[in-house]
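Sharing a structure, written as structure tokens. Questions coming.
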């Protein structure tokens, strides 16, 4: 199929969890050759010393970032950086005619002012921002095909938007009624050190954080509003859950009318007919994060609650894969004309 | 204070997790003497062989249930049994003029028909049911004082009702807008064997279950309706979380009007002024289940979301203590005229 | 390389954890076609309902065991059954000229009497037992090539034998001094229900079990004795560790003479030069089970303790892969003339 | 009993895990009044903001260390500090005639040179070191009674020395054959931030560290040599285990002669007859860390392996209680003439 096409890929910020997951996936991708891994903290160190699971799989040494070198050597650059750091990279990569998949937030917002307000950073590349595509393939596949910059969605937004898209596109839900209660594993907080991710503080505990003010809120609202055809606001509460990987979003919305589980399920399946990674579960089956762990799947379960007139959507992803690095590779595949599943076909591991 | 009052206590169903937790708390209670521990599965075995943490603390041997013997020997009987099994016990205990704290669901419903519909069991003691008091001390303290039968609340309802009571009592929330998203540790499922509680199935995973149909729903609605002064229905979604103990309920409601976090917090503190186990956290502080683990506390955090006009209430308990056995002892204390905190004063353990 | 060779494979006992892991690996193996999955408990049910991570990956329905049918349809049969159940399967498979990889203990012992003593079962197929090869490729690769029956090693023995082989083969250790302290994740206990694997009993606890009498002891001793060229006995203590996957064996032996870490490491690397799945770590680097999770690797770290004259070998595997199903596929690859790594090349996942 | 004796206690280093555990235990101790809590990082902050489980239990504010003030205000000072920091405190506390319980390593060694060699710090108070008593009550109870400085043992040494004392005192074991394989929960590493304690790095993994060179080794050897009446060296391997609390030490030694499990158990029970916190389990029963979690117990299980002539001792403690803060309070009780169990009577919590 994909023949012998070889894409030279670079990863900036390769030693965070999403960076390392990118390296793992790319290193086994049949059409990719890793060209450079850069990192602030471990320059000069063999990558496997930072991530020993890749011993004998990845022989590269971590490099300091040299943008010109990187953009020259690579066909595609992945940025796995804190927000605010991808804009200069994008400029250089674009100047040299290469492609960028940004796993950060810098290019996710149609309206630069929204980005600037929530992230408290000036956007230095509004022109490039106009060209960037929101890289959720199940919603924006066609635009991604021609994109030079794919803004890979946040982990929570991926689970939420996929969970609500068919409902909103079909105008089935009261747009003022949406409540999103999300539970994430700890790897979503990255490998940086903080009391928040200290084993003993997280283990045997669950808690909410950033209630009503998490930065993924405007990203969710932008995409849901576009799907619904009207501006909407949601309640979004993220929770830190004692597990490494996984996001489960429990989403509540009031239905406009009465629908059977089968009808709703049918609409979801139709919506995702061409999307290999979304698995709409049969009525009565609910997803668990464990069932998608290690895979690029998004599993969706649907419950219609006749007592309250609400639908409850359960949406599960692996936050590091469909919520970050797997989706980034899916975007790359689409941008380079490869089959969407290339390098991402494997099922997750269980238990 | 409590002087040298000695209460002889029996536990029926002593070898489940809530039973064992009762035994642990009662064995260290200054006014209690354990009189009998009964169990279906381990009769004849020293209790410590079933629960080795109590080796040298509890020297009793598990007995088969002999109701007449038990009711005769004890001043108070605790039943930690599956629903449907406490009704005959209540009859016998009542006949002999002793008191009962039932940790099951048999006496929680004012309306026997609601119980029968949700639990699919006939209620054999409707007369006793009329005399039973819903044993949530923070709401029904006065009634509990004179009660012969205290129906100890379910674990989820405890966290939810305490989380919403001040709001509804003060008529601050739209009663049709309440959504409850609860996360429970695995001990809430008991010590019985099922694939649901197999280590490898639970660990590293989160999932919802019984969405829209969990049996704690009507219990929550009964108490919230009474507090609100009108009949209401809620969306309630329980989740199984990979940890031993703890429930966090994230509760959403639309506010009738605009309130500052300080105002809401003030109302909550006023409401719980005489309730030593409810800790209303200062604005900006959110509870974690870890902070109540091992204690009888309910920690409540409050967030007002001006963007959506909703309040988000976070309510955390230890499901085995405030959600079950600690609350049962709190009820016993009140029924016997002891200070409410007796035997329950210790803080939780951390981490 | 392997060209278009297609091996038809059947799995008996497909719904236990090792069975399901076999199905996962085989379903992605480029030279395998799954021909039948049998199970006692779930016959008639789609496999994905039992293991939802394989939804849309494995479309087969679980079958009851029909040995004649299976042996007829398959080129190779994998048995993932409790001990005692593989002997009749082996007879039938052998009669029809097909190959067997047995993940149980029935064919692991050269001396049938040792099997019968430790497993308390009569061996009904001593003739076939004579033909079976102990399927640890790093030690018995040449014999496996021609084998009709490969007796896949136990999980603990795999980690232990690989950890000690170079030492004993080179006569560096006092054979009377070997102490093996192993720590296993819970999936090693299988998916069956028991209090031992109840989440709340395992979580937040570590304990030893079967001290001095675990059935993997004679298996370890058989292989170590062969390597050492003399009969030896070991102390072996398995521990249940609160994690899903992984075995770490910490192995102590007194050195005959004084060696630097570099010398010992050199000997190990030489010994495993042709073995792609064993990664001998550089001196000073110690393995963690996390670094092999999801892969077929065995990571080995070596510490020479001059104070006591002992070497400490640390050996880490994923118990379900190199300790069971991955190794079974490795054996199949060798038996069918495929490159040893086929279908097993992927690194593990982290974190 | 203890009557109305009130001991004013100060804790230096109150905001680490052992410090906070001290505060928790002391705050509920009937004869203690907390006089001051000092901390480097959180001075000026209410203690409960650092440890919210103690909200409404401990109302004190964290102070910067003012040694003169502290020594003046307190009858006893507890130091929960990194090694090297307790020596000046000891000098001041001693000068003012107060007592010190040091949870660090500064006063644990009879021979200052051993301390200086392993900890790479000069000992500034060798005179006070001569007066310090190794605070393991089950071995040194009489000396502790008159001590001004109790050097609270390390967590690993507590589990190991209690596990081996009866064996060595009775000259039953070959002193050259001792191998100690210990598994610790993560709280033993403290609350400081490091990749080592990042949730995702620890969770779902077990690994050894500091093999053959952990600083608890000479402490273990000092005490075991004294018990055995001869100088001995041990192999000691600590492991980091994915759980919050608990140490399990698996200890191997060759027996001098043949003993039944009952004989060995009998000797242990005799040895610990007057020690309320050591529970020698019946033959055939093995300890789990979960059974001591939250208590000051040390549970000991014994296996005689006739095949190898070795005994395997399993010793379990809660590292933060019997391995640190509970034992410190036990030492205080003894130093002040209180019953040893005061404030420590409660059983652990389970599950």
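Observations, loosely collected:
In order of appearance the chains are A, B, C and D, and numbering begins at 1 in each one.
To be clear about the criterion, a residue touches a chain if its C-beta (ideal position, glycine included) is under 8 Å from a C-beta of that chain, and two chains touch if they have at least 3 such contacts.
What you are looking at is a predicted structure, and each value in this text was computed from that prediction instead of being measured.
With chains reduced to the mean position of their C-alpha atoms, the one farthest from chain A is D. Of the two interfaces, B-C and A-C, the higher number of touching C-beta pairs belongs to A-C. The distance from the centre of chain C to the centre of chain D, each centre being the mean of the chain's C-alpha atoms, comes to 39 Å. In this assembly, the C-alpha centroid of chain B lies 46 Å from the C-alpha centroid of chain C.
Centroids built from CA atoms put chain C at 36 Å from chain A. In chain B, the residues that touch at least two other chains are 17, 187, 200-201, 203-204, 242-245, 287-288, 290-291, 293, 351.
Per the touch definition, chain C reaches chain A in the complex via residues 17, 20, 24, 27-28, 51-57, 187, 204, 244-245, 279, 281, 285, 287-288, 290-295, 299, 345-351.
Listing the residues of chain D that touch chain C in their complex gives 179, 181, 183, 185, 200-201, 203-209, 211-212, 233-235, 237, 239, 241-246, 248, 250, 252, 286-291, 293, 301, 303, 305, 307-308, 310, 312, 314, 316, 351.
In the complex of the two chains, the chain D residues touching chain A come out as 17, 186-187, 191, 193-195, 197-204, 242-244.
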